[in-house]
Amino acid sequence: MTRELSGPEVAALAEAAVPGSVAKTTETACYLKPEHLVQTLEALKTSPEADLVHLTNLCGVDFWDHMEVVYHIQSFVQNHIALFKVETWDREKPEVPSVTPVFHGAWMQENETYDLYGIKFPGHPNLYRILLWEGYPGWPLRKDFLSMPGGLQPGLGEFAGVAPRQEPPVKVIE
Amino acid sequence: MDGGGIVFAFYVLAAVTLISAAGVLVSRDLLHAVLFLILTFVGVAGLFVLLSADFIAMAQVIIYVGAIAVLILFAVLLTPRAGRNNGETKFALPGILLAVCLAAVFLFVIHDVAWTTNDEAPVLGADQLGEALLTTWVLPFEIASVLLTAALVGAIMLARTPQEEAEDALA
Amino acid sequence: MTQTIKSEPFILNIGPQHPSTHGVFRIKATVDGEKVIEAEMVMGYLHRSMEKLAEERTYTQNIPFTDRTDYLSSMSNNLGYCLAVEKLASIEVPARGNAIRVIMSELQRLASHCMAIGAFANDTGAWQTPVMWAFREREKILDIFEVTSGARLTCNYMRIGGVAFDLRPQFEPMVRKVLNDFPPFLQEMEDLLSGNEIFLSRTRGVGVLSPEMATNASLSGPMLRGSGVAWDLRKADPYCGYEQYDFDIPIGYQGDSFDRFIVRLEEMRQSLHIIQQALDGLPSGPHSTQVPLALRPPKGEAYARIESPRGELGYYLVSDEGPAPYRFHIRPPSFINLSALREMTVGGTVADAIVVLGSIDIVVGEIDR
Amino acid sequence: MSIGIEHFLTVGALVFCLGLGIALSKRNAIGVLMGVELMLNAVNLTLITFSRFATSERPIAGHTFVVFIITVAAAEAAVALALAVSVYRNRETVDVDQFNLLRS
Amino acid sequence: MSIPVLALATDHWYDLRDLANISDAILDGADKVLPFGIVYVLAALIGFVASFLIFVLPSQLYLGVYGERKIIGRIQSRYGPNRVGPFGLLQPIADAVKLLTKEALTPKESDRAVMYVAPIIFVMPAVLIFAVIPFGPRMVFANVPVSLLYFMAISSLPVIATFMAGWSANNKYSLFGAMRIVAMAISYEVPLVMALLGAVVVTSGAPYAGDFLNGLALQDMVLWSREFHIWVVFVQPLALVIYFICVSAELNRTPTDIAEAESEIVAGYLTEYSGMKWGLFYGMDIGYALGASAFAATVFLGGWTFFGLEKWVPPWMIFIGKTHLFYFLFIWTRGTLPRLRSDQLMAFAWKFLLPLALFNIFLVATERMIWSSQDYAKGLIYVFAVVNIAVSIAAVYGWARFLGYRPENTPVRPRLVKNAGGYIPVGSEANR
């Protein structure tokens, strides 16, 4: 059974590898500072006790006010999986350093995240819109994409008789 | 050589040969020129058949059409698009004039000489040719084989790139 | 005399409409003669924005979407998504439901690998025969799916907390027939292809991936195992009670296309073995737990993955206690397996590129989603 | 109406002169080569004609010559094409007007 | 120089064992009424029409189109055409009608003249090939003394047509097909000629009816197998194998169809063709394969003879049966084998087939010397047959081993491990 490392465990590993790299820790995830991201993952990949060699999953999540990039990294020999996150608070020009130099497998997934969220990955060798075409208006997986006039929001708002979802913290762009 | 069939065949074949040879001269596209050249070879092979040189005719088609023309096509493919222009040099006019003069001389000689001919076609099959090659002409035959080998080696050496030579030197 | 060599490389568009791209996928290859010197992937022709759409459907309504991603292995896709929701909402699945899920996903693996090796042989130029033989066997599995779920290709059979319906009485004899028919068929394929000198010379040493490269490029499934990395989520991270069953992980020797082919062939044998065990020990009891229709999982996130026929199929869900997932992310194995396509094709010929693409076993519906 | 030696010789002469014209006038090296091939073919035709019509003790000699000429032509074509390709590679042209390396 | 062929059948026109009787009767009758010279044209027409009506057209439609689809269907465990007519027998006609009514598109940027001419040039040699094939003792349209060379010469022409087709379409896939076919034609012509040379060395100069056989004439090769009661294939098994491989490479049949490799370059030189222009290429591909089969049946399988059976059964039926049998080999390989890469195919011609063909010539020339020194003893040829079969198998196997054929070193089953983990080097999987 693969052990899912808890947030503090991952943070301890990351701190041991690169001191000062952890921004904050939750129960499941370890938030890294963007400027230390590549260095930390590189160190964890080579260190035998962490052995985080397989970037299993990389995706973005939009939380209206900020966006996160989520990294699931797997170790084959230790058989554990670690969850890293990086936050970016700039909605106009979100940027997270690219981990493609460390994990070649991030090539496609960062392209996809850029395509659907507009998060730029400096250091990526060839960042382009992989699924949509160049010049496609907007970033479709952002929550404010295609917000309709009249205050309708994406997402399934409600069932009958259930209180509506709370207002988003960011103003909807018309 | 009488008979309506032979006369008809000769004129058709001569027309094919000459028209396609002229086509090689006038066509601007190198590839079209090669295709005309192939047609010329086929026409000449037909004339060989009329001259009851069956073996030579077949050898003409196999070697000229099957090998040399295909080789030329390959060379055309290997040179990029810019090299496929079949235009004339500045010496075109004098060259063609010289050819025309030479043709006039040839035609005059051909029609002026009283040729003594035999109407009976000599029996010249593949077996006679083989025997002649291996008895009377055995020395040229061997020299031709050496020439072919030399051409083979030379062609390979010429067409090699410096990279390939470097690779072979390492190997 | 200058010694520069000027050859004229030109761009060859392999696809989007091409017999060997298995859908609308395009490789923009720069070729020098027959040699590929640069390959760029162009995809997205089939993009249906599933991840966005799923944010507007309830958790149960999203199950049919997962059918349409990897349409050649819909059962596995259903399963991966249901596992993610169950992990998010902490739902237990009864033992019978788990066993049915195992049987179904292994049958799906058989069907998908049939298609994979058939299409792969087609890409090497075997004129339709292997693919037709594989289709013959695949039909039997699709018949089982039809009897069980009512659909052949997009089954929509798994539910959150179990499976949609219990098994029909004719299910067991049909599966037994498949178990009987498959070993001779696998032997047939081995005779037809594995020992074929032409097939060997087309696939051996073509598209070689070192284990380091395979790991670094996040590959999974037969691509990773073909390179000699023993990694199978059914062993490493068992789900649905895979730990009860006895089976082996097949791994390749040097990571070329032929290794991926024999790994797939052997995986089919192991799948048969698993189905045999699961069918013999099929527990009785409910096939599903009762789950509220308007499922509202607690706030949080879950990443669940399964070993789909193409590799690690992961679903990353974020819930905000709403009736629909706040974020629905698919980790599509064949999309990420393409990361190494450029490394495998550049330097080979165009024909090799086709073979490499066939050995990756892509499904364009899953790449573009 | 009958076909005699003059007819064949005329065809041979005309093809030869056309080949000469091509060889002298064409700019492309491969075009020049084609002209040379045509000339050789015309010579073959003439030789076979004489072998057929001439009163000789050994008429097979004409055929033998043709075999040798075909051999030489094949070798020549191979070498000439290799030359053309390698010249193109080094000079990026097959224009015979541009082959002026020996000019000071 | 031509050798008198034993008249197997009577001279009556109704004797169907030799269809030349009918045509002779027609021509005799026509000669009495028509002016001089017309009869030559008529003879050519009869020969053309008869060979097409009796052999090429039915074989092409019903073996080439229907039979091929049906047989490949059975190989692929499906039914094949079964909708049009009884057992789908009208399928080829339906195909032809469909092709004729389709629009033949020409791309805008193509070389229109060349693209138009290419299918026509492609068809011509396919028709010309059958001129020299002997269907029966007297049923040969043009019994030229160098008919074997004639076949070689004609079969080198379609390459030009396919090159024209590939070049003129101005499509990159077509250009790939054209490049490949030109490269392949040069390579495979060489072992093909070498292999046929072996057969010629066996047959030429053997005594027959007080004269000597001319090995370059196809009819004489048939007479050779009739005289010595053995087919050339038994004396020259290696030559037949090399011939088969080379000819399927030249004809673009499937194991070697790199010029129109469907999974790689869409349809190669045919990519831009449609309608009946494509249909001509498709139909004449079958025509060439039939011509190659007829040639192989004549040279290697004894032509219209069948160990004396030709006295009772019409020889042309025996010949057609043999041709179809050989054609079945093409269909069979098409249905079972994957395709080689173009460079592998080229290497196969030069590294494998050519040395074997040279070895074969050396072998057969030695035997020919022994045979002529023994005054062409009839029994000796059977000894040669046994020796040649054994030596050929040994030569093929030995040369393959020499070139690195090691089936025992190729694992066809993957390694099995019990537990997941990282990379497992080869050899250390036992302790997992």
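Every chain is named by a letter (A, B, C, D and E) in the order it is written, and numbering of its residues begins at 1.
Basically, a contact is a pair of C-beta atoms (placed from the backbone, for glycine too) under 8 Å apart; a residue touches a chain by one contact, two chains touch by 3 or more.
Please read all numbers here as calculations on a predicted model, not as lab measurements.
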Shared interface partners, meaning chains that touch chain A and chain C: E
Pair of chains whose C-beta contact count is the highest in the structure: B-D
Closest chain to global C-alpha mean, per-chain Cα centroids: E
Separation of mean Cα positions, chain B and chain A [Å, integer]: 71
Between chain D and chain E, centroid-to-centroid distance (C-alpha), Å: 34
Rounded Å distance, chain A centre to chain E centre (Cα mean): 63
Computed distance of Cα centres, chain D from chain B, in Å: 6
Chain A residues counted as touching two or more neighbouring chains: 53, 76, 79
Sites on chain E at which at least two other chains make contact: 420-423
Where chain B touches two or more other chains, by residue: 55, 59, 67, 71, 74, 161
Chain E residues touching chain B - in the complex, by the definition given at the top: 1, 37, 40, 111, 114, 144-146, 149-150, 152-154, 156-157, 159-160, 163-164, 167, 178-179, 182-183, 185-186, 189, 214, 216
List of chain E residues in touch with chain C within their complex: 72, 75-78, 172-173, 176, 254-255, 257-258, 261-266, 334-344, 405, 407, 410-426, 429, 432
Residues on chain A engaged by chain C in the complex (per definition of touch): 1-2, 28, 53-57, 59, 61-62, 70, 72, 76, 79, 83, 103-109, 112, 116, 129-133, 140-141, 145, 154-159, 162, 165
In the complex, chain D residues that touch chain B: 1-11, 13-28, 30-31, 33-35, 37-38, 41, 44-45, 48-49, 51-55, 58-61, 63-64, 66-68, 70-79, 81-86, 88-89, 93-94, 96-97
Complex contacts: residues of chain B adjacent to chain D: 1-2, 6-7, 10, 14, 17-18, 21-22, 24-25, 30, 33-34, 37, 40-41, 44, 47-48, 50-53, 55-56, 59-60, 63-64, 67-68, 71-72, 74-76, 78-79, 82-96, 98-100, 102-103, 106-107, 110-111, 115-118, 121-122, 124, 128-129, 132-133, 136-137, 140, 144, 147-148, 150-152, 154-156, 158-159, 161
